[in-house]
Structure formats: C-alpha cells, structure tokens
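Next up, some structures in structure tokens.
Next come two complexes, and both contain chain A; in the first it sits with chain B, in the second with chain C.
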Partner chain A sequence: MSEPPVISTRGLTRYFGKRCAVQDLTLDVPRGCVFAFLGRNGSGKSTTIRMLLGLLRPDRGTASVLGCDSRQLTPELRARIGYLTEEHQLYGWMTVRQAGEFQAAFYPRWDEKFFRGVIGHFGLKPEARVKELSRGMRAGLCLALTLAPDPELLILDDPALGLDPVARRSLVESMIYLTRRADRTIFFSSHDLADVERVADHLAVLDYSILRACCPLETFRNSVQEVKLGFAGPPPPLPPIPGLLQAFRTEREVRIACVHYNAATERALQALTPLTLERVPLGLEASLIRYMGERGEKTLILSNTEVSS
Partner chain B sequence: MKQLILKELREQYKVALIGMVVLAASLIFTLVNYGNCLRETMQQQTFFDNFHPLLNHDLLLRVAIFCAIFGTLLGWLQIRAEHQPGLWAFLVHRPMKRTRILQGKVMAGLLLYDRPAKPLQVTSASKCWPSSPRSL
Partner chain C sequence: MALNININTGSSVPIYKQITEQIRLGVATGRLAVGDQLPSVRALAESLAINPNTVARAYNDLAHEGLLETQPGRGVFISAKRQVLSREESRRRLEPLINTLISEGMALNFSAEELQAAFAKQLRQWQNEKGNHHE
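Coming up: the complex of A and B.
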C-alpha cells in the first residue's frame, strides 16, 4: 500500500476581493520528495503555502498537511513542520544567539549542535545582531532556525529570494545537503529554475492561479520538446499539431515547441517534408518558458525587417 | 511562554520607560506645586480631612487620560511589531496555540503597562501609610 501524501489539497481556492489568487488547486506531495512549487510572481504560490500552514483560510476546498486539516494544525504537528518565510524576517534587535534561544524554547526536539553547525557554515557570529546581517546571512540564520527543530516536513517560501548568486548557491546547497533525508519532505517555491533543476524531483506549476502541471521533474522535461525544421525555401504553413505550444518561423527554419511530443506529432511534422528535423534539447528553464509563455505561432522574417505574430 | 514575554518586554521596555518618566514628572510637578499648601495643611493636622495632592481632580483626570493613551499606544506598538507578514508567520507558526501567544502578549503588555504606574503606586502608598493605624 502506498504511503499517504504529506501534503494534499483538493479544490483549494482563495480570493482576495474579486481577484482569484488560487483556483481549484488539487495536488499531492509524496513523502520524502523535494517538491518545487513554481509560477510567476502573483501566481498564488505564497498564498497556497499560507493556506497549507493555516495562516490563511481557503474560501473553498481543503488542504491537509501530515494528515491533518491545515485549518486545525495542532502545536504538536506544527513542531513537525519547518517553515521558512519569503523575506527571511526576524527580530532585528536579537543577536544570533538570542534568536536561537528564543526558537529553542518552543521546540522539544531542538538540536543546538546542529544550529551552531549551520550558523558556523554561514559564518555567523553568535553575538552579531540580526539587523546587522546581510540578506544572505539572515537567510542562513533563518535556515538554521527552521532546521534545528528537526522537522519532518520543510516548507520553504522562495528561500533564495533577493540573494546574490553566491549566497543563493550557498543557501540552496546547504538546504539540500543539510536537509536531504529519506523520510523528510521538502516543499519549496522558487523562481530560480537552475536551482530547481539541481535539487527537485517533483514539480508543480501555477500559472495565473491555476495549476498547469504537477508531475515528476523528468516527466515534465520529457513532455516539453522543441524541434527545429530546416527547409530549402520559406517554410510551408503548419498543419494542426497536437500539443503545439509555440512555433517560431524564420526564412528557412521553423522551431516548434510541443507538449506531449510523440509519434503522431513527428508524423505531422514529417508531412511538411523538411530537409532536416532536429530535436533541440531543452533545460528545465527553457521547457518551462515554452510551457508557460505566450502560445501560438510567431514569424520573424529578417529580410523584410518585419516581425509579426 | 517565558521567552515570548521576555521578547515583548525587551521590545517595548523603552516605551514603558518613557511612560514612567512622563508620569513621574507629572507627579513631581503636582507635588512641588502643592508643596506649600501641603505644609500648611500638615501643620494644621488636617492633612487627610482637607487636602491630598494625589486626590486632586485635575491630576486624576490627567493620569486617567495619560494611562488610557499610554495603554492604547502600547497595545498598538505590540501589534505593529508583528505587522510584517513574514514576521507574523514566524511568530504564529510554532508549537504553541494562538491563544497562548496572545496570552503571552497580554501578560507582557500588562507588565509594561504596570511600569509607568509605579511612581503613582509608590507615592500613593507613601502618602496613605501615615493614615493607617499600623503606622502609629
């Protein structure tokens, strides 16, 4: 029998006034995975996370975390969930040591040695005041405060937001090396797709408040494909192609991005009798941009200095 | 709970200190102002029958208004300190019921509110002591 999901939502919906922030979100997060929650700014990622933690009430639908309704999380369950907020906000007057002591008082499983290890890793002095720390250091401190209680589920809301590339890399690497454990689930939202590609094994994509994809990372990467067709002259008009995301035409070439690329798609393309048909390998970032970008056909004919869509 | 109360006390102690100084100054001002009258009435042995500067209507009114404003300001500052969404989430998402968090805040607020009233309590006690039979 398969294990129940750590996070499960059914038709989760939230409005802010008339604006729908999250619409009918249904997803399951399996235990032990690193789950990336992706989407543009304002697509509803943080709102979803707040609903999962019971910090915000959904207007419709349900969410359960560690098997409990998110609106009724008990203190015992909260102790098993680590949450890193988007802005890495802490009390500025506290020193690093005081922040640790403050947090430790609430968590029965607080691991002081681990906390010291993580702050040491980020080069934080225990007597340094939080308000004097750089953003990267503050993020490191937040990470230490989130991890030291030894949570079973980690929810990280864009942990690398606002960090420079070095701090971001350091944070993400620490996050993975320090947190990866077979029984620990990490659910994190991010905009940095290179990081997601390196660390995540599942992803969900929110676009304009609607869930557009929820699957293992490999499945997503294999689903979105780009093909380059070369022609002797101007490319012919395209027939209806199943799963077409974008088509980009130039004088002698058409680049086509499709979702669920399969034999039927290939047959439809071969019917155009191209000189060459070449698969272009796409990284996660390129796949996601194709998947979430504006759909349809675009033409760029440089000889006429004309750009149309 | 203790950590929560300590946090609140550490965050707002400056406000409580300011309140204490303002109220103490107001009391000193009143006592000095009424000093001469006080001496006269004490010489006439009619101190508690005729006159008590701390029971003066104006002073009581001023203290009442000050305490109301100070209490409101303190409560507002306690709320405002957690106003940023990230900080609020950091406070709320911990193994503690929200009612306990509120309780901690209220207790800290009462302790802080009690600070400015200290000069008033001390002065009142020192003035009331002579009137009690046990002082004889």
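Coming up: the complex of A and C.
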C-alpha cells in the first residue's frame, strides 16, 4: 500500500512566454496501474510528459520518475522507461529488422521475442523498409521498439493518434500484454475514450493547464450522476444544488448532472415535488463531458486511492 | 464454456458489470451449469482486449455472491448458486425493471391486458427453454 508512486509531481508549473502551459500540477501515479492522461489539445499533456522525462525544465515545482528527480535521470534509469512520442523518430533506409537491431544495442534487457511478437501483431515484415511503411505500421514498429526493452514504466504520448481501428486494437492488446508483469506501469495520453475504457484503471484530466480530476476510473464514473425530473408544467427554478455540473431544461423536464450525488442532493430535488425522478445512467464519455463543463469542478482529485478489485 | 461474453465500450454500463450480468444471465438461463469452468482472468482480459483488473473485479463480485469460485491452481468455476440479496432488496431491484417494461410497452400502444398476456407468454417460453438446457 505504501509503495512509492512511479510518477510523482508537486506543484509542477511551466510557462511558454506569458502563457501558462501547466499550472501547479500535483499528481501521483501508483505502481502497476494503467493511467490515462486526458484533456483537450493544448491542455498541457505533452508539456507535462516532457517535464517528467527531463526534456523540459519546469519553472516551478518538481517531478520525479522511478523515485528520481526528472532533471537528474541517469542513463540507467532512462533505460527502464519506455517513451513513445507523437512524432516517431525512425531512419527510413533501415529495414524493420535493422531498426530493431539498432535499438537493441542500447538496451541490456531487450526482448527479441516480444519485439517480433509486436511487429507480427501489426502485420510488419522484418525485411520491409521503414520508409515504405504505412502510418499504422510505423506506429506498430515504434511501439515494438519501445516495448521490447521491457520497460518498467511505459509513457505513451497519444499513441492512438492517426491509427486505423485495427492498428488501434493491436495497440490496446500490446498494452494489455505488458501488464502481464504486475509491477509494470503505463502512463498514456489519449483522446480515444473507448480505448481508455478498455485499458485504463486510473485517469487524470487536465483542462486549460489545470488538473481537474485524478482518481480511479470507476470512482470517476460513480461520482458523476445524472437525474431527470419530470413536471406537469414548466419546471420550477432550481435551488442551489451541491456539486451541480449542468442543468438542461425542456418544457416539462429538467436534467441535472452533478458530482457526489447523495441523500442531501436527492432531498433538495424532491423538495421541488417532481412527478418523476429517475437516474439516467451515463457512459464514460458522457460523464467526462458533463464533468468538464464550464463550472470548473475539481472535486474528483483524490490522492492515494487504490483500485477496488 | 457455453457462454460467449461480449463487451461494448461507450455503454452506460461499466465493462465489469457487463461481464457480471452476462455470467449471471448464463447461470440463470442454464447455459452455465455448476462446475463449468470460466476462462482465467488473464485469458478473458486478453480475448476481450480489456484491463485484467476489470475482469478480476467482475469475478470478485460474482465470487462474493457465491456464484463462482477460484480453485487455486485449477481455475475459475461456477459454484452453487446462492441467494445473497434479501427478499426486500431483490424486490427493490425488480421494481424499476417492471416500470421500464410498463412505460415502454405503453409507449408502443399496448394495453395493460396485452402487456400481461405478452409477459406471461414470454415467461412460459423462457421456462421451457431453461428446462431444455437442464436435460
């Protein structure tokens, strides 16, 4: 339980000129989890990842990875981290096999069988030239190059970007394969909530450079609720409702999304004497969209919470 | 296993619940019998392309209900079915299901009598099928 987090940031902040890209980010990623890092484009995800890897200096705050300050990562520690960027760096003249051999030279724990497994999974032939590969195949090769060193921590920056559905599924399967070792941690940013729902057990949401949620995925889903109130005529004005995210009114109905729905919320709503009051189950995407409304809710930042399993 | 588990992402039902519901239904309809083996957590997770923790969560919930048990070194099996919910709790869960049936049925312009008849007919058919599975 008290095992130190694999990734830990405290008050991490970075400006680009006057624009704040990441503001006061405090985040822990427990060992052994699959952690989805969500947020709109430009919300600061890539900037955070680059600071985690020591590729970018924070203006304030600290980041540590595998127990070491990100600014002082040694080559030995870096070899235990797999990092897949948005832009893949490959030599076009190499064959797939040569790209593997080139990469293997840098990693003592290189797992050739795993490398071949992943490239086979993406339908790649060892003799194919890198420059002739499709986007999905290039992504598969990059993933294989990142996974074969058997990283303790895998950091993926939007790995699903531009992948077709088949390649995306291969990506998900490869990520799940990595979790065969219980101590392996995956930290990935994504916009694909279907994939997030499949593989992630924790999530964090960054919005306009600010952390808005950080908790187990199941906690998030359980905490965002929607109810539908039916009335005989136009719905009455709403009283203050704790945790209100959104209210949507129609002629005889009002739909209310709120966080931490409880007995007090229910009493406040019953006081409006609706004809009907029913829960509307939400999917992950709907929950996220409700939560990310303009009210700036930040109540789902939970720390040190374990996955209930 | 005579049960094919399917999951849908983007559903309002979380994945672990989709799994528990399908296994529960499998047991209730007789497609899964006591002693039937289920895939291991790892195998089911990999075949469905989902996080193993999700499968473990579903199996744990079912184990708590007494519906399945893990025999170390052998695997996961359907065990004796036990009623764990109180009668009152069961009734409380049943009510919204019936309400949905009534309101959706009425919306499709069926009368109360027609709904009753349709329900009774479907129930008889279901009982017959379940009987066949047990043979």
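Please note the rule applied: the second predicted complex is superposed on the first by the 286 of 309 C-alpha atoms of A that agree within 3 Å, B and C clash if a C-alpha of one lies under 4 Å from a C-alpha of the other, contacts with A are read in each partner's own complex, and residues count from 1 in each chain.
Here, a residue touches a chain if its C-beta (ideal position, glycine included) is under 8 Å from a C-beta of that chain, and two chains touch if they have at least 3 such contacts.
Given the structure is predicted, the values throughout are model-derived calculations rather than measurements.
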Contacts of A:Arg50 with chain B and chain C, given as first, second, both or neither: first
Which superposed partner A:Asp24 touches (first chain B, second chain C, both, neither): neither
Touching partner for A:Pro281 - first (chain B), second (chain C), both, neither: second
Touched partner set for A:Glu173, first chain B, second chain C, both or neither: second
First, second, both or neither for A:Asp59, with chain B first and chain C second: neither
Partner chain(s) touched by A:Ala200 [first = chain B, second = chain C, both, neither]: second
Chain B versus chain C as contact partner of A:Tyr107, first or second or both or neither: first
Of all residues in chain A, those that touch chain B in their complex: 50, 53, 55, 75-76, 78-79, 81, 83, 85-91, 93, 101-103, 105-108
Complex contacts: residues of chain B adjacent to chain A: 2-3, 7, 10-11, 84-90, 92-97
For the chain C and chain A complex, residues of the former touching the latter: 9-16, 42, 45-46, 49-54, 56-57, 60
Chain C-touching residues of chain A, taken from the complex the two chains share: 34, 169, 172-173, 176-177, 179-180, 193-195, 197-201, 218, 221, 281-286, 307-309
